[in-house]
Each structure stands twice: as structure tokens, then as C-alpha cells.
């Protein structure tokens, strides 16, 4: 059994602030903070507000002279946030974070499922589809920057398989992930619509038989490689003057292989 | 290039219902349905209602004579559900499912993060903790049965490490998962409180330094093996007359190993 | 700063064995041990031996009178095992575990990717496919029991989509998971072959264009619901006298939805 | 039922090469290829060769004028590789990939568990520890570049918790991930040793009680924040002239919270 300490701390003394002590290593830290905190949020977009659950990571830079950051303040900032989060407004969190941690630079990532009510293409029945959205924000001496990343599940149908086969064509679920920076805020739903319009077909929560027939034939009429989907989305982003930086990746969970086919295009239109 | 079909289907004919056709294999299916559908829900418990996001799976049994079930009806039932879900009420979904699919037996699993606002033990600051909850329900010819499973993250501190070391003791995050069937509904928060009271210490979203001191010393004063936590919870369940069947598992993400320590106790008090 | 203990333990005294001390709670533990230990293994099957990497979990029952098990002995047993692991031989580990932990009952689960070299159907080019295999063993007073579980990724093509559409049919990657107990050991490759033969088409690591044409048309010629695949495999297991207990589950990662279609059949032919 | 095509393809005609057809969109693709292919490999390092199982992704750039890449050739290159993979030699795969796909630029990522046999600090008993290693390689017009990334699980003990508490200190499993580019190849085991030496304590597969005592006290004697571990490793990399670019991230799976503490330092010593 371990020996008990002979002298107890005097509880009226202030508790030491280890994090605030000086550091001699002369090495600044790029990002320090909390990672993967689950948190309920409200999100606002084109069709109104919705409740969802986010994974939140928040970091600041730590100058070389300080030993540690104050982790509890990150949680304070998050819990103190009132109101809905939107592409337009979530960067306010960056300003709060910067002020509260007394740090000129910082970074926030908020990932959540976002639901859109869609109408089936023939029957018109409504159902919900979920999309994984990440809001990314950075602050650097009061200059705030943001990007939005959305993962949109779609159908892709293989042009090669269709061309060489007498009938049928392999198709599969595909994840298209787009990330954009823009000069003005863009609705998440606008990006989702854009991606879905460039797939072989889009997904739905609920399809009646006439809808399933429609989707099946639409996909067969519209075969696309991962390369095609990536390029067709890039072409649209190239022509959208609001968008300054983008990234498109397309991953097919191939129905004829046990691995993925993948294509990726990144572009910084500012020439960097 | 594949040859196009020469004759188009006459669109005014009804679309075939393949699923409803007869099956000759004479093999009934235990469970058929939809798995892992993401869906926003409201959950009601001791402290009121909250919004969260669930993963939902819903199945029915399929008699030997039918070729397939009608998958879209499961989604219909889920989308049609109004009102908050609670341990007391979620089995209504089973009745709807059974009626809509014309199936005497069925099963539903709903998994979601559930948030509880907790006060830090010394400073009293409030923050949220998240727990993974699964509601499990079965229906068999109008007889409904349910269970609730909750995964509660806690701290465990090793009694052996404390005993044999002059100072310190290894401790780590631990997942305690309890599943109970009871003769009356039990609040999720009651189960969470119960589990947290039997750990070396409980977790919080936000701790000030006096809280961290309290938690650190509490854990050191209260060392427990996975076996101890499992037994202490089982002992409470044994004495709770509402509970008829339970299952306790404890997994330590050992801070001195790259694998887990694990203990499991299952008990059906009805003697089965 | 915490006060240092004034007296050091005398290192010549034996270190206390906390686990072996008596327990007063009078609650036995069903399973206690180590979970998710990564370990390199050699596996033997029909086509010879191969090297792979396993996740291993090993448990024993702990009688009510002992406070804890000795976790390090589980690792000892695993590290001490020489020779390849096969469906026929892995239960030897159970005997070693039972002896070493002085426990009459115990349980082992070993999960690993297993590779099979396959020939493409037309070109004959060879490539490897990976399958997730789990060996499950239990010992009860020298009576050993085992089962093997294999997850086989295949293609499924929807019969409804084919029937109602003028051309094309949605298809997708599907996971078929079978678990069997048998009166004699069964080659993993035999189970894999059996499952693949009952899908719309099987997967390959490498396909040339003539192979892709073949697979595409084969899947279109062979449409199957999750229900069909589950039943066709169950029918074969029903007629295989070696197999006493089986479990078949089929999960389609639907290419037209963002959730899965799922079917499950379980059967204990011994009438339990 | 869909109408069958009236005319069959003449099988003696060559099968169309859709991928090689011209593309009019004038958009080059940064990376296209196969992602997450599971493959057994042999790895060579300081202590010899070992067998393990990798996840492999391989990509090339696709010029604007081609419609698609030839996915099967990536698998061919991987299957054709003979001999062990090492930090020194795996970039040969890049040369093969570039030649076979006729692509001047390409990229390979190979991730696998790597096992090191370690001796417990007091008893000297041997056991294996697993580390996740990723080899990253790029080729650009015959110029090959590589980096190695290793995730090392360790123990961290909180300096604040130790300082403010009369006894005990919270500690937990921590993932330290380092990625380095260097002017000459570096043994994986050298990087693992380096990281482990900078943690509060290192992990082992198997510890006897005297070892557990040693590790417990060592961690208590050596408290470190995520910031400390990141800085101490960065300081060593700063002084290692072989290393030109590095990245260190430290993630604590906090034993008192349900989220992680995280720190990250990146440095390009070439001044970019």
C-alpha cells in the first residue's frame, strides 16, 4: 500500500496555474486545443433551421513562451455560443475563441450530418437524405477565413462496363466530397444540388417503384467515371466567380472490386 | 455500344410487384428490412426533450411464401412518426411497423448520442456530456418487448498499480455498457447516474482546476478493476426489482497497454 | 506540488497480488480478459499457409470468490503459441488458456483478413481478394466448441429494378456474413466459394475488360434481393450434414439509397 | 420484364477502350487511381523482415486530353512487386507505376501495422507492440520523394493534475503521430524509440507486476502535456540534420473528459 503524504496542501492557497508558467524550449505550437467534442447544434440554411449533432475541434496557436493552453476555455466558448450556426455566421466563434484564449490565430472544425427533404422524381413522395458537412474556419489577427466541405453520396454507373456489355452496367454508391472557399457565403443546399446534378443519379431515402424505374434508367443513360464526375464539378466551380479555392474528390465503392476507384482535383483560382 | 431495346414498355400497364410474388424455397427469413438509416429525432427523458440524430434499423420476419419485403414501407413508418421518442413510447413504432408490413413479428434498433448537462463537482460550472444510447424493441403477435442499452464513458484507476507503486496509479478512459429489460420504463439518466456512481470517477465536458483536483483524488481514492465495476453494477441490478434481464460490460482502454481489459456479466433474473 | 511519500516500500518484500485476494460480493463474472490485441499470425487452409494480422480477444470466467483475473497470462498464452492457426487447430489455444488461467471455461475470438488468389473469369489473370474471417472458440470443462465466421463481399443486382426498368438495374457491393458450427472442420475457402456462388456476381482484385463484360452480364442475368441470397445460402447449409448451427446475414450498401437493405436467417439444426 | 437486345455484339471485334478516348473538357486530374486495397506485404527494417497486411492507395495525374486512367494496371503493379518493402526501397514502386501508367507524376500511400518485440523494463519479458506506419511516396518526372508517418501509442500523465492534487494524477493513452522527410532513409524503429522516449511512459504488450510498478512511477515522475510531448519531439527533429520536413501531432484520449486534447507542430526546415 503506498504511503500517504504526510502534509496536506493548504486549501486556502491559490491552485497553481501550471499552463501559464514560462517555457524554455523556444518552440511555438501551431495548433493546440480540443478535438472531437460531441455537441448538439442548430444549423441554418436555405430552407430554415434544423437541429443536429456535431463533432467539434477548436485550436489556437501557442507562442513559444507559454507552457500550455487553457483547455477548459475552449469548451466555455463552445457552450457559450447561442443561436444557429450557418456558413455565414459560424466564424463568429473564431472571434470569441481568439479573444477568450488571447491568441491571435486559431482554427475551428465543425462536422455534422445535415438533412435535406427531397421529393422522389416521379411519385413526389418526400423523404430525408443526410449529408456530412464540415465547416472550417481560421482566424489570423482578426482576419477570418472559412471553407465548407460536404460529402454527398450519389450513384455512379461505369461507362466502360456499359459500353462493352450487351446489357447491364455495374454501378455503385459513390462519395463525392467538395470543399470550397468563396467570396460570399454559399448555401450548403446549393452545393448539394450541384453535386447531385453531376452524378449518374442521385440518392433518396424513399423511392416508390416508378421512382426506382426512373433512377435506374437515368443512371444507365448517364454513365460516368470518377474522372467524369470530378471534372464536371470542377468545370462548374471554374465558372463560378464566387468560388476562389476548391477541392473535389470522388470515391466509388466499386461493386465489382473490394477497393475504391478515386479521383481528385484541387484548384486555387487566386494562382497560389 | 449495347443495342437499345426495340420495344418500350407500355407505361400505362401497372409496374410489376416482384417482392409480392411467390417463393418456392420454403425458407422463412428471421429479419429483413433497412439498416443504418440516419434520422433526426426528438428524445424525451427525465429532464425534458432534446433533439439528436439517430441511426435506425428496422426489420420484420418474412414468411416462407413471399419473395421479398417492401423496403420503402419501413422508411414510411419512420418518417410518419410524430412526437418525441422515449423509453416509454418508442415501442409504438413496433405496432406501426407490424401493421404496415403485415408482419406479426418485428424488431427496431435506434442508436443516438444523448446529452446530459452536468455540474462540475467543486466549481459547479455546467457542461454537457454525451452518452450513446440504443433503444431495442421487438414485437411478437402484438406482444411488445423492449430494452435500453447505454454506453457510459468513465474513469477507472487500477487497484494493482496503486497498491504496488509508491506513488501514482495508471488510470484511463473506460466504456461501461449496460443493457436492461425492466417491468416498467426506466429513465436513461437514472441508468447513467448509476453507472457513473460505480466508476473510479466520472467524466465531464468542462472542469476548472479545483474540479480537476477533486476528480484526480477521487479516482485515486476509489481504485477499481474492470471486474469491480462490472460486479458493483450487477449487485445494484440484482437488487432492483424492476429489472428482469441485464447485461454489463466494462472495457478499459488501458493507458499502459495498446489493448483493452474487459469484463462482462449477463443475468436473466427470470431464470432463463 | 504533491508531498513525496516519506517511507519507501522495501523492495525485497514480495509485491502484493491484488487480483488473487478474496472477493465478498458473491458475483461470478462470465467473461474477463483482454480485448482487441493486434497480433501477427500464420493461418493454414486448403491452399497452404499465409501470414496475416489478427485482432485477438481472450476471456475466461472468473468464480465469485476471486477479485480479479491475471491479464498478463492471456498475453503469455498468445505469445507462446507456435505454429499456424487453422479452423482445425485453433481450439488448442483454448486448452492452453484454460490451463494457464486455471479456469474451466473460456472464450477466444480471432479476426483477420484472409487472402485468396483468384483467376479472373475470362482472361484468367490472377489477383488477390481479401475476406474478413473470425474464428470463435469456447471451452467448458475440457469440452471445446468452435465456429467460423466469414464476411464475403459480393455484387448484388436488384430483381425489382431489373424487372421494372427498360434497361439497366441498380447493383452494389454487398457483404454476406456466414457463421457456421460443424461436426468437422470446414475449409474457409469452401465457405467463401459457396457464398460467392450464390451472389449476383463475385468480386475480384483485378479484371481485364473481357472479364468486366462477363461480370456485368452475369450480374444482370442473375438478379437477387438480400432475401434471395440469404435463402439460397441457407438452403445449401440445410442440406450439408456437417453443419449443425448456422447464421447468414446479407447487407446491401444500396446504390440508390444512403442506407442498407438487410436480411438475416439463423438456424440451429439440433432443434435448440 | 425488360426487352432483350435484338442483336448481340460480335465477339471477335476488339472491346472498346473507353478510357483511352479523347476528353474535351480541358481539365487535368491531380490524382486518379485505386484507394484502400488490402494487400499482404513483407516489410524490412532494423531488426529484419516481417509479414504484415497493408492498405494501399496508388494514384497518377491524368492529363486533360484523356478520358480515364486504366485502373487494372495499378493492381498489376502492386501484385507484380516482389521483395520486401522498406523505407529505403518502396519508392521503386513509384517508378514502376509511372512507367506502367505512362504518367510523369504519381503518388503511393501504404499503411500497415508494424510489430516491434520489446522487453519489459524490469522483468525483461518479451512481448510485441504494434504501431501504425504509413509510407508516402511521390514521383514527379523521375524525381522521387518520400515520407514516413508513424502513430505511436504512449502514456501521458497530466502535469496540472499532478501539481494541484495531493496524490494521484490523471493519465491516459495518447497517440503521437510523427511524419518526416529526410535526406536519407531512417529506420521506423528509430522513430518509434524516439517518440517513446519523450512520452510520460511507453506501452507494452505484456507487463509483470514489477514492470507495472516501474511504469506507474515513471509516468508520475515524468508528467507531460500534449504541448510538452509535441515540443520535445520537435526539438529533437530540429537538431537532426537528416530531417528536412516534419510534422508532430499528439492526441490524448483524456481520462477525465469524453474528448481529446491535441497539439500539432509542423516544420519545413528548408524554409518553405
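Some observations on this one:
Read from first to last, the chains carry the letters A, B, C and D; within each, the first residue is number 1.
Everything below uses one rule, namely that a contact is a pair of C-beta atoms (placed from the backbone, for glycine too) under 8 Å apart; a residue touches a chain by one contact, two chains touch by 3 or more.
Here the structure is a predicted model, which means the values were calculated and not measured.
Across A-D and C-D, it is A-D that has more C-beta pairs touching.
Mean C-alpha position of chain C lies 26 Å from that of chain D. Measuring from the averaged C-alpha position of chain A to that of chain C gives a distance of 34 Å. With centres defined as mean CA coordinates, chain D is found 23 Å away from chain A. Residues of chain A found to touch two or more other chains are 1-5, 8-9, 15, 37-38, 130, 160, 163-167, 205, 207, 209, 213, 258-259. Taken together, the touching pairs cover every possible pairing of the chains.
Per the touch definition, chain B reaches chain C in the complex via residues 2, 4-5, 8-9, 15-16, 18-19, 23, 25, 27-38, 57, 59, 62, 67-69, 71, 159-160, 163-164, 166-167, 225-228, 230-232, 234-235, 238, 251, 258-266. Those residues of chain B lying in contact with chain A across their complex are 1-3, 15, 17, 37-40, 50-53, 72, 75-76, 79, 113, 115, 126-128, 130, 162-163, 165-167, 205-210, 213. Taken together, the chain C residues at the contact with chain A in this complex read 2-9, 16, 129-130, 153, 155, 157, 160-161, 164-173, 201, 203-205, 207, 209, 212-213, 215-217, 219-220, 253-259.
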